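Below, chain A partners chain B and then partners chain C, in two separate complexes.
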Partner chain A sequence: MKLIWALIRRDLTLATRQGGGAGTAIGFFVTVIVLLPLGLGPDQALLQRIAPGALWIALLLSVLLSAERIFQADYEDGSLDAMALGVVPLELVVLAKAMAHWLTTSLPLAVVAPLFGFLINLDPQDILPLWLAMMLGSIFLSLLAALGAAITVALRRGGLLVSLLILPFYVPCLIFGVAASRASELVQPSLLILTALVLASFVLVPVAAAAALRAYLK
Partner chain B sequence: MLASAGRGEGIALPHASRWVKRGPMVQLHADSLACQRGGRTVFTDVNFTLSSGQLLELRGPNGAGKSSLLRLIAGLGEAISGQITLAGGNGDLSIGQQAHYAAHQEAIKAPLTVAENLKFWGDFLGGGDMAAALAAFDLGALADYPAALLSAGQKRRLSLARLALVPRLLWLLDEPTVGLDANSLDRLTRLLRGHLSGGGLAVVATHAPLDLTADATLVLGTAR
Partner chain C sequence: MQKFANPARFLKLAETLLPPIWGVTILAFAAGLYMSLVTAPPDYQQGETVRIMFVHVPAAWMALMVYTSMAAASIMAAIFRHPLADMAAKAAAPIGAMFCLLALITGSLWGKPMWGAWWVWDARLTSVFVLLLLYLGYMAVWQAIEDPHRAALIARIVAIAGFINVPIVKFSVDWWNSLHQGASVFRMGGPTIDARMLWPLLIMALAYTLLFVGLLLVAMRSEIAQRKLRQLRLAGIEGR
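Right after this comes the complex of A and B.
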């Protein structure tokens, strides 16, 4: 556990020193949300209806923005070779890197995203469920982003490919995330399904991503 | 059997660690290894046996498969035939987990300082001796320097300092001398000597002759 914590701590330090993680993602997110009412016109009722969905879509895209870099730097500078030879299984390395991505990118996004809901007339009583759903869903988003990053680790400009590969898998998270984000009787079951998605990806993503990384190192 | 005697003064390394567990005699044995890369046969029928305290030197022109062989030993590559075994080591760990693999890529993070880079690898690889690592390549004065500002040779020294940081049974070094000045080369030689006289094994691919007598030299074929 201490060994894994060392990796998470290093990634957090790198993210704060280099910048570009949460800052870029939040900047992109805000830009999309600001542009939306300009494109759709000032119809308050329409904006309120689409607000949770729009926030979720912006969240998905912002998380994917930085996804491709999760393993790339470590692959290029040889750190991944050394990590593969370490005593920590590669599966746990993947989990640690996904968690670091969550802490530096997805979680800050999920925390501030509902606050920007006021720009698109988000119903105030939807804020709390949206917040909960986004916090939960963001774990899933980071884990899946790590999978996409692992599959494309050696490809230059693999960013678009990551999006193409991973966005379809984001669909269930989007559907139940939006359903959980409107104050209604659907909130609780949707949150449960989101939790199930998070737990399933916790188990499956490290195995799949580690297999992909091993294939690249061969 | 132990050819490390008579190699002169080496740097003593801490070999007691929970990750280094071994019997009195360790043997790395390769049996008719063959390697293919991108459909091209790099080498076939490579055999060697390396015992505790011995150094194997890999020689051969560019593209002869020295790096491929090292990666193969570490478990980072796949042999198309033959096998490689380590007898007398820690049976619970793979060969790679008992080895240091130092390649051309330095595995250094530029935004971190020298000490932070070492600290991470020490923690991640199971507890390291920071003071020994800094001393091994005289990096003490650079400890708080961001790695981004290091010269190529200094980066190489930082990368090689991992060898002294965490004890490992087997060292796989891929042209470790590239970019090193005379002084650092001498330090590397002493470090290797200390490792070998402590019963460690080393496989070194190099073009520059080391100031060490290799127990065996393996010359890989010509590139096609």
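Right after this comes the complex of A and C.
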């Protein structure tokens, strides 16, 4: 357990010292949100209707944008080989890396996302459910991003492939995430399904991602 | 199964199987198309457009079946290290993607006169579209990774992970309110479709399945040839 904490702390330190982790992702997020009214026109009623969905899509894209880097640096400088040989099972290394990604990228995005909702006239009633749904859903997003990153770790142009492979898996999270983000009677069941997605990915993703990493480390 | 681990033996088997498979495929398509286009009665509500069903429904079944067999082959490859299983999954992917595309296109041609829209974003249509994306992603993995052994290992994971979508497609019409109709052939309590429509449908499904098997054998044969070629090339480079 101590070693897993060490892994997470290492990634957090790296992210803060290098910079560009959460900051770049949030910058990208804001850019997508700002482009939206420019593309759709400044109709306030329309923007209010699409605001939760738009914020979710911006969240998915921002998380995917940073997904590629989860394992890449460690693979290139050989630390991943050391981790694979270490006492911590590779599955738990994957989990630790995914959690570090969540803490440095997805969670900050989910925290600030409703604030930027004001740019596109988000209904104040929707803020709280949106916040809850995004915090929960972002765990799923980070775990799946880790799977995509593991599958493409040694590829030179892996970024596009990550999007192609992982976006289909994001569909259920998007559907139920948006359903949970509007103040209505759908919030509770959608949150339950989101929780189910998070729990299932918690168990399945580390196994699959570790298998993919082993294929590359061989 | 292990008996066919030898590619030479597999090639021989494919050679003997293919001519009869093609023969029966042509016969089944001829009978199925005749029955579905000529002898099957028009629907009491949909009229003649119901005949799209005989092309659309088997294609959708095949899209699911091919993905299921891809996932099964991937599991086989992971557990038993069967050398042909990865090749079978790889060869099946483009065929399945075509069936999936065919189901989507004929579905939208059918949707326009019946629902008044080429496309609606409901559970069944969306999940089948996701299935197509999964096929494409799987094929992209094989394209992106140069070393075939490594590509096989990664592709297995992608195929098995994507299988989660197959039950979602199948049960999407039961779990959500969908514009798409529910199951009327493979359901508890027997089919609710009339026998004069059921028979042509089943014969068409048989024809599609045979077509898949035939194409799969051809694709696997060319895959084996490609690997041989790659090995010869590598040997040639080393020999120089």
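Quick note on the criterion: the second predicted complex is superposed on the first by the 218 of 218 C-alpha atoms of A that agree within 3 Å, B and C clash if a C-alpha of one lies under 4 Å from a C-alpha of the other, contacts with A are read in each partner's own complex, and residues count from 1 in each chain.
Note that contacts are C-beta pairs under 8 Å (C-beta built on N, C-alpha and C of every residue); 3 or more make two chains touch, one makes a residue touch a chain.
What you see is a predicted model; the values in this text were computed from it and never measured.
Asker: Counting residues of chain A touched by each partner, does chain B or chain C come out ahead?
Answerer: Result: the larger residue contact count on chain A belongs to B.
Asker: Check whether A:L3 is in contact with chain B, with chain C, with both or with neither, and answer first, second, both or neither.
Answerer: first
Asker: In the overlay, answer first, second, both or neither for which of chain B and chain C A:A82 touches.
Answerer: first
Asker: Regarding the shared-chain residue A:L14, is it in contact with chain B (first), chain C (second), both, or neither?
Answerer: first
Asker: Looking at A:A196, would you say it contacts chain B, chain C, both, or neither? Reply first, second, both or neither.
Answerer: neither
Asker: Quick check on my understanding: which residues of chain A belong to both its chain B contact set and its chain C contact set?
Answerer: 218
Asker: Name, in rising order, each residue of chain C that touches chain A in their complex.
Answerer: 126, 130, 133-134, 136-137, 140-141, 144-145, 150, 153-154, 157-158, 160-162, 165
Asker: Which chain A residues qualify as touching chain C in the complex?
Answerer: Residue list for chain A touching chain C: 147, 151-152, 155, 157-158, 161, 164-165, 167-169, 171, 204, 208, 211-212, 215-216, 218.
Asker: In their complex, what parts of chain B are in touch with chain A?
Answerer: My answer: residues 19, 74-78, 93, 96-97, 99, 101, 103-109, 111-112, 116, 120-121, 123-126, 162.
Asker: Please output the residues of chain A touching chain B within their complex, sorted ascending.
Answerer: Contacts found on chain A: 2-3, 5-7, 9-10, 13-14, 17-18, 73, 76-79, 81-88, 217-218.
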